[in-house]
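Each of the next two complexes has subunit A plus one other chain: subunit B in the first, subunit C in the second.
So, the complex of A and B:
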C-alpha cells in the first residue's frame, strides 16, 4: 500500500513509543529515524519490529520518526499499526 | 478491546489532556504510578495515590510552585491512577522538573511514582536521569523493563510490597500523631478544668503551696516527647511480648520523670500521671497498631498483662522506691496500692468511673470546644472517680475517715452536677472540705486524664473502617 498522508500514534510516556509517519516519493524506500531511551541495546530490535509491521501492510516507501521510551514489542507493533492505519485513512486519529 | 489497546487508549487520553493544556498556553504536571502488568490499580494504589497527590501538592506549595488546582483532573482508568493539573503559564519548567525529581528521589516509594512535566509546546521535560529499577536497583528501570529482566509477577510483587510498606508506615505515623495529641490533650483538659476542689486549676492552686497552673504547664510541655518515645516502642516492635515490655516503658518513663522534676524545680506534679499515661499510651498504640482498632477492654487487658503482679513484686517485696501509694499500702492495706494497683487492675477505676461516663453520653470530644458541655462531662467524670477511688494522695495527708468523708462529698457533688447544677455551687461543699482538711485528689486527676485519653482513642480508632 501507499502512504499518502502524515499521521502519528503513541505518547511520550515511559514504556510507550511515539510513531510519526510521513509520505515519501515512490522508490525512496523505508527510512526509520529512531531515538530511544534504550537505543544502545534495542535500536536494531525496535527497527526490526517496525519494519515487520510495515511489511505486513506491504509498505515500500515511507519515513518513520519514532521516539521510544522503552516500549515492549507488542506496544511498538500496536502504535505503528495505528499510525499506519491513520496514514492510510483506515482509522481516525485522536491526536 | 484487548487489554493492551485499552491501556494504550488510556495513555492517548492522558496525552490529550496534556495537549489541551499546552494548546491553552499552559505547561502541566502529571502524576502516575509505575505498575507493571495488569490490572494497574487496586485498593492499595488508590489509597497510596491519594496520599501522594495530597502530599505532593504541599511539597509544590512549599517550593513556590503554583498548580491551577481548579483545573486538575484525577482519574483511574485502565492505565491506572492518574493526576494532571496545569502549571501557571510563566512556570520555569526545567527547575520544576528538578524539584519533582527531588521529590521522587527522597520519597520512600519514589520508584513507584512518576511525575511528568509537559511544556506548552507539548514536549516532556527530561533531565536525562535514569530512574533505577525497583527490583535490582543496579540498573536503569527502563533497561530492565525493556529486556524483561524480571518477570511481571516479580516486579508487581516488589512494587506492591513497596506500596504496602509505605501505607503501613504512613498509618503508623498517623496513629502516633493522633495518640500523641490525645495524651497532651488529656493532660491539658484535666489541668484546665476549673474550679477543681483541692487540686491545681487555672484559677488557683487548690490546697497546694508549692505548685500552680504554670508548674503544670512547664512539666506537661516536656512530657509529649517521652510519650512519643513510648508510642514508638509499640510501633517499632509490633507484637512485642507484653510480659517483658515494662522495663522498656519504664526506661522512658524514668527519663520523663527526671525531666518533670527538672522543669518544676523538684516538685512532683505528675509522677503518677506519667506512669499511668505512659502505660496507657503503650497499650493504646499496641492495640491500634496490631488490631487495627481501639477497644478499651483490650487495652485494659494489655495493661493487666504488662503489670501482672506489680503490687506483689514491687510493693510487697519492698523493692520499689517510696511513693504515696506504697506508704498507704503498708499502713492501710491492699485497697490502697496507688498507681501501681490501678495499673495492675487494668485502669479499672479510670475506665469504670471516668471513661464510662463519656462513653454512655457519647459526647463528641475531638474538635469540641463547647466549654459548657466539656466542663459538665469532665466534672462528672472527675467527681465520679473521686467518689470511688482510694486516692493515696489524700490518704497520705490524712486518714481513712477523712478519705471516706471526701468520697461521700464527691458523690453528692457528682449527683448535683448530673442534675444540671452549675459547677461553682455544686462543688462548694467539696471544695470547703478539701481546704479544711488540706487534701487534694491528685490520683483522681491522673485517672481523669487516662479516662479522657481512652475516650479520645475510642472516638478516632474505635470503629472498624
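So, the complex of A and C:
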C-alpha cells in the first residue's frame, strides 16, 4: 500500500510512543527517525517492531518519526497501526 | 471495578496492581471522539498480551447508535474478555440487537463456547423502567449496573452526595438483579477526595444488596473493600454456623440453635456467602 497522507498517533506520556508518518517518493524505502528514553538498550527492538507493522501493511516507502517514552511492543504496534490506518484513510469508527 | 481510560497505556498496564476485583477498560466516555480508533486498537493489543494481574477484564463499548459501536464489537468480541459492558441499555430490543451482532462475530471467528458475558448498563429513565425485562432477557447478561451521571442528566436533576434522586432507580435495579440471580454494580462516587462520603454511600449500597461499586480512582478501592470485606467477627460467626450446620445435617436436623438464636436455611445461606466473600472453604 502507498502512504499518501501524513498522520500521527500516540502521545508523549510515559509508556506511550508518538508515531508520525510522512509520505515519501516511491522507491525511497523506509526511514525510521527514532528518539527514545531507552534508546541505548531498545532502539533496534523498537525499529524491528515498527518495521514488522509496516510490512504487515505492505508499506515499502515511508518516513516514520517516533518519540518513545518506554512503550512495550503491543503499544508500539497499536500506535503504528493507528497512525498507518489514518494515513491510508482506512481507519474505522472514529471522528 | 476500576475504570481505566482506553487510550492511556500507562494506566492500562498498571491498572491491575491496585487490588480492584475487576477492570473496566473504557472505550466510551473516557476517550475523546477523535481517538476512538486509537483506544480500540490499543485495548485490543493489550487484552491479547497483558494479564492485568489476574483482574476480571470488562470492556465498556460505545453504543451501537454511535459511529463507534460496531467497530468496537468487531475488535473486542473475538478476544473474548470476561465481559463487555453495554452503555445506555434501554430495552430488550437493545440487547437483542447487541447479542445478535456478538453471536454473528463469534460465529465468524469460530468461537463455539463463548465465555464472554454482557453487563447491561442502565443510565436512562427508560432503562430503569425496563430493567426487569433487560435483566431477564439472556443468560449472557450476568450483571446490571447503574450509571448515575448519565441517569441524573436524563432525569434533568443534579447528582447530589446524598443521592436521593437515585433512590428509586437503585432500588428498582437491585431488585431486578436479585429476581434474576445476577450481579449488580453501583455507579461511581465522583468526589475522589471525599473518603467519608464514599464510605457512607458504599455502606448504603451494600445494605441495598449491590454486589460492588465502580470507581474512577484507585484510591477509592481500599474504602470499598473495607466496607465489603466481612469483619473478623462475622467470619468467626459464619464458620461456627456452617460447622454446626454440617454436624446437624448429618444427624438429620434442619433447624438448630446457637447461643439461643434459631439457625435455619436463610441464616446458613448468609453465612455461606460471608465465607465465599472471605474466600474460606470449610
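Convention: the second predicted complex is superposed on the first by the 91 of 95 C-alpha atoms of A that agree within 3 Å, B and C clash if a C-alpha of one lies under 4 Å from a C-alpha of the other, contacts with A are read in each partner's own complex, and residues count from 1 in each chain.
The definition used in the following text is that contacts are C-beta pairs under 8 Å (C-beta built on N, C-alpha and C of every residue); 3 or more make two chains touch, one makes a residue touch a chain.
In this text the structure is predicted, and so the values were computed from the model without any measurement.
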Clash or fit (per the criteria above) of subunit B with subunit C on subunit A: clash
Which of subunit B and subunit C A:38 touches, first, second, both or neither: first
Partner chain in contact with A:85 - subunit B first, subunit C second, else both or neither: second
Subunit B versus subunit C as contact partner of A:54, first or second or both or neither: neither
Which superposed partner A:12 touches (first subunit B, second subunit C, both, neither): first
First, second, both or neither for A:72, with subunit B first and subunit C second: both
Selected from 20-28, 38-46 or 200-208: the stretch of subunit B that, after superposition, runs into subunit C: 38-46
Contacts on subunit A seen with subunit B and repeated with subunit C across the two complexes: 9-10, 13-16, 72, 74-75, 78-79, 82, 94-95
Of subunit A, residues touching subunit B in the complex: 9-16, 37-38, 41-42, 69-70, 72, 74-75, 78-79, 82, 94-95
Complex contacts: residues of subunit A adjacent to subunit C: 9-10, 13-16, 71-75, 77-79, 81-82, 85-86, 91-95
Subunit B - residues contacting subunit A, complex: 4-5, 8, 11-12, 14-16, 19, 32, 34, 114, 116, 118, 123-124, 130, 142-143, 145-148
Residue numbers on subunit C that touch subunit A, as the complex places them: 8-10, 13, 33-38, 40-42, 44-46, 48-50, 62, 67-72
